[in-house]
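What follows is a set of notes on a single structure, which appears directly below.
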């Protein structure tokens, strides 16, 4: 198995995530886009681990940590979105510009 | 050139000096004369107001003390000859730059001590009467004492630096005294003019002193000759320049053309100030400097002497002419002083050390006398202008007669002192080969006699044209007049060639009592031919004056009908010299100074402020620009690149979180691309 | 006196800080205690400085005395190294002296918003900074003290300064005089000192081949000068030091903070600024820049000389255009410091001695002038010379002192100001071998012309302020002449001016040998 | 080396973790009126963590290594943990009054802060990518929530959202970089990466990996152009949290950057060196210029902290550009020194902002006019902290700037010299806006002196102010105190 196609897949997935993050209005969709990016990382980690034949399975371990943390982060994200939705009755990220740079 | 140095450094001088009385009490402690004026100043300032004569007694006591001391030295010099020098070091920089304060006692300085102290004393006494009821007598006497004290420091200076100290001190005192009535702006301006003009000339003195100090490694007059011998090579290059610079300095103080402009204005001060300034202090300082540094001119800076003679000649003649048209009696005397200073300077410049100094000596007495006499008149008629005078002869006989004696001395009428000293100058000029100058000087003698006759006629003869009833001044003023008249009459005899006093020759030998021989020409017998020519010119002047001004008329203006059409406006405007000077000052003050101020505020500070505002503007640009345009731009570009539609672009512009994120990603991409390209 | 050898200088430097702490800790109501604490502290500091001068071994003026060298920041080899030699001794005494007089003067002269507690505390901190700069023998220590003076002065100007407003030329923006001046002062100095610090660091990094050997020690760096001055970056280093010191002096085109700061500052602030703070810059040249980088000093000397001479003429001409008395005096500082820098630029012992006595003289004279200007504006509530006039009549004593001080300021021989000017000209007639004679002699002549202009503006100021009849607007007002606190502050300065003028050995006695050694070490011969 | 857990070595972390649990439990059981005990428990808990730290520091047992070298407690870790504990302690002190006066619950607040502190402590000890990542997320996660603590305030919500989205984006980019790094080197431990990365400088994958990782941390330290979140978040978040963000969170980012660059990727200095050079220049210049225009004091401090981050990046850039071993070491300690000093002076500045806040909490700088006359002590302290930030001697900030300049000049190349010059100009610009605050406090007239109400300053806040001021003064006069800590960490740089 060659590594390259997997890496390309991961890169594409990551790019898709970035695009989603930048282009989606709805906060929930933005959160999902982030999940895409993190999963791209996971693909990378697992693929590299397979290529390297790491005896400690470091890549997989790393991936599991990433999955866990990603879950926590999405939890936090949803909590924030919920909070905002309560206050402002919208979940569109582009409407939050009270503070200017 | 250096042959003189060798010769001088050898026998004659040393034999003379060694024979002299060098270390007596009076010479060793002569510094007291230089110090007590300053103690007196403090005494006057702190206690003067509480005293009966408001501090004058301290000033007079001090000068009386100095007069006695100077007289003793004078007598010692006549009998034994005195050469002594002492100093305390006030600073040592490195090994060869030493600053000292000290006192020198030799023929020249003894003569000056005496003149300053004695003439000063007389004037001070006179001033007690003259200044009675003045707004600030104490202040006046304090300044007066500073004046005399500075002059003593100056003439006692054994080195150039101390001379500069005294020199500037004299300048400040003159500023204070000329501007004594500073409530009027003209008076304070006159003081400023005096100080400022002198300050300009001082550039020469200071730079000259620096060049002497650096080239020769000493500022001491007594070491100048020896040091000059040692550094003959390096000195040869700069001697002329040093001479010119020192002379430049002397021109200021001694009011040589074109620095004479301050002197007539200086009449703004009380009359005793004019007397002191013109007789003993201030204006003689320049001549004194030339006399003190005479060996330098005599032997090293020979090249510039003709120039000096030329300037002095212009001064003696052109300034004498100005005295013809002045209405203010003090201005007549002032221009006459400038003219006489020209005589002194021309003599010294031509090589007549003794002649020049002797004229200084005699001039001190008769000019003090004339000013005090004028003061007495002014005191009586409350005006400076001769147009308000006339016929005072009967009301003020003592003033009249003393004034006549003074005028005669000034005009060079035998046997008064001015005759002898002026004669010696003429002789010297002739001997040194300045024949043309000599004839101009003779013409000058004619003019002198002419304008003095005019002054006497307009003031004392005819009928009184002023207001009120003038009467003779009180004794405190007339007694000094009489004393001075006595001296003005007789001091000329001290230097009749061939006539000796006290076994050590006459004034010439007393004056020559210095560590270095002066090497000027000394006639051994009177030159009666020259005397006759000089006297003739003077008498001619008197006659001309009598012819023109003797007759009384209704107004003084009518009497004063002396007009030379071409010359008169020129003289009235004082050759436009004052206008030129004023123009220069205006030029500096108005356009230059304003330009600098403008440059400061608009250019330099403008740059500084611009930097500040630019930074602020840049801040606005970074803050506002990046926010409003840059980020949008970057984000739009990104959105466009990712295939976004116009509708999306518009929408995305408002979503700030995503804008931030897009910049974030964009920057990351830039970094990567940067490394791909440049890495 | 053994304790003095080790503790003397540290006491001189840090006692004011202790005093400031005491002042701060006492409640604001106890004004008298604040004043007395400040007076006693500055008094002790001055006494200690005088003791230091009295015990000073003038025979060994070129070596550092009362030296203390303790490890301070071991990581960078910076030490608490203090000591005085003949060069710093006069300045050390001067700073204690002027500060004491400032405290005395302040006794009953408070500018709005008063608050003596804060003002005195700042003044004491300032004293620490000034004294520290003069005794520091370590670049880092020097830097700390050099910067330490900024804060108190910033607050003095900003809080107690001139409350009026003015319009900035060119931009037409209205600014508060004191705030503009305060920030300008700070930014200028900070800008210079930032680059100065870079220079110090570069010196440090090149001071030895190994990390352990590197040092900020000034004497050690001077000893290493022959190698340091040959570094390829030495020119840059000197440029950095130059920038730092030149701003502080201030030299011509970096001077514009000075008129603003002086004009805006409260009286005592102006006095201290003129008397001591400006000296830090020129002292830095003498203590650090020249001996450590002699070759660069030689290369830069013509530049410094030209800028100095421009400063002399420029300052004088600018003075003639002023209508604000304090601003005029401020501009005069530009000219006077020009003479100081001209002296330094000659790189000869004569010139540097001239610079030091010029610094001391300018300190006492201009300090006194600012005192007088302050007292006058205190009474007239204006500094506009067109409105003043006849001061001599209204207040004879104050007017007399003003006249005296103006005379001293114009370099009257026999008073302190003369020696600095005269010797600076003397020095520039024969600068160090290898420097352009033509340039320096031209500088001398222009400098001499500058003395005339100096006389011109000071006399002009006297005429406008002191002489003439008082203007009608003052007719009904009662003016009280100099009071006892003012006299107590001024008379010592007057005495000093005369004393130094008549007997300059007071200063030269300490400096000559040290300067000679400095020049010899730096330039050989 | 081994898998054994040295409980003594991780006692500080355990203390903090236990304290967090206690706080959470207390919050559960305590009635509403006695919630303040949670605050006391949190403050005491962090305080207690200092004891094992000190014990560890004093004992010369050497470095403790756990989890096969992934978690190391050495001098570097101890010093930074000490910093995190101290900074956390101060933040907690600053929080007490602020949180009490709010309507919101207390327990979670302290729990979250404690967890964040714990995370930063973990980062200090991390010696592989996984632990580093865990630590980083542990720091950030609670902060996302804390930033939105003022739940009813739309600004606070927005702050939270922005911070969260950008934080996760950066985490994702960094993780992506980490995955590539793992792929390129086959290692996750730093020592392993270092060994494996020799000679890999030219490989695009490696370069990409390094850049992404560095960018991830650049976000954390809020370096330009990855700083956009900072001002908004700082403004919206509760002030004590802002203080925490600008100090501890930033410090954690720097710790990560330090370990990554010096420990794991010294071979890749040709990559991160120029990148950080650019970021340093941009951070200093852009942030300083922007700060000049700010009207809100918190935003001003936000930009100030961005600029300060730029100054702190200077030594990295030098280390990246220079090859000199000495320069490397001094650059490393320079950053640590700067970080320590910055922590205290910035916390002090925020404490002043909290203490001086009006009831309205507008934070407008002009609203501070006349503050110095009203409360001279606070005004004095404000001057101290702001001038210290500006780097004016003898306040501690000077030494931070000093070592920064020192390392820049020590780089010895044209680039580092240029960097030093840019930093010097920026230090001058920065002074202007710091001075502006002090000017407003001391020199401007209060426009409405009568109607302004200030909150009384609580004892805990006073303690925080005194502690910070004490450090600022002591470190200013005796920088060796700071050096003592930063020098012990030098070993890490040399491997």
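For reference, chains read A, B, C and D in written order, and residue numbers begin at 1 within each chain.
By our rule, a contact is a pair of C-beta atoms (placed from the backbone, for glycine too) under 8 Å apart; a residue touches a chain by one contact, two chains touch by 3 or more.
Just so you know, these numbers come straight off a predicted model, no measurement behind them.
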(request) Using the touch definition from the top, list the chains contacting both subunit A and subunit B. (result) D
(message) If I average the C-alpha coordinates per chain and also across every protein chain shown, which chain's average lies closest to the global one?
(response) C
(message) For subunit A versus subunit D, what separation do you get between their C-alpha means, in angstrom?
(response) 26
(request) Report, in whole Å, the distance between the mean C-alpha point of subunit A and the mean C-alpha point of subunit C. (result) 64
(message) Can you work out the whole-Å distance between the CA centroids of subunit C and subunit D?
(response) 41
(request) Between subunit B and subunit D, tell me the centre distance in angstrom, where each centre is the average of that chain's C-alpha atoms. (result) 74
(request) Mark out which residues of subunit A touch at least two other chains, giving numbers and ranges. (result) 18, 21, 93, 96-97, 101
(request) Give me the residues of subunit C that touch two or more other chains. (result) 187
(request) Find every residue in subunit B that makes contact with two or more other chains and list them. (result) 626, 656-657, 660-661, 665
(message) What's the complete list of touching chain pairs for this entry?
(response) A-B, A-D, B-C, B-D, C-D
(request) Would you mind writing out the residues of subunit A in touch with subunit B in their complex? (result) 18-19, 21-23, 25, 93-97, 100-101
(request) Could you pull out which subunit C residues touch subunit D in their complex? (result) 28, 72-76, 113, 118, 140, 143-145, 147-148, 150-151, 154-155, 158-159, 178-179, 182-183, 186-187, 190-191, 194-195, 197-198, 201-202, 204-205, 211, 236
(request) Would you pull the subunit C residues touching subunit B in the complex into a rising list? (result) 168-171, 184, 187-188, 253, 255-257, 259, 314, 317-322, 349-350, 353, 390, 392-393, 407, 412-414, 418-419, 422-423, 425-426, 429-430, 444-445, 448-449, 451-453, 455-456, 459-460, 463, 466-469, 502-505, 508, 512, 516
(request) Please give the residue numbers of subunit B that touch subunit D in the complex, ascending. (result) 615-616, 618-620, 622-624, 626, 656-657, 659-661, 663-665, 667-668, 671-672, 675-676, 679
(request) Would you pull the subunit A residues touching subunit D in the complex into a rising list? (result) 7, 10, 14, 17-18, 21, 27, 30, 34, 37-38, 40-41, 44-45, 47-49, 51-52, 54, 58-59, 61-62, 65-66, 69, 72-73, 76-77, 79-81, 83-84, 87-88, 93, 96-99, 101
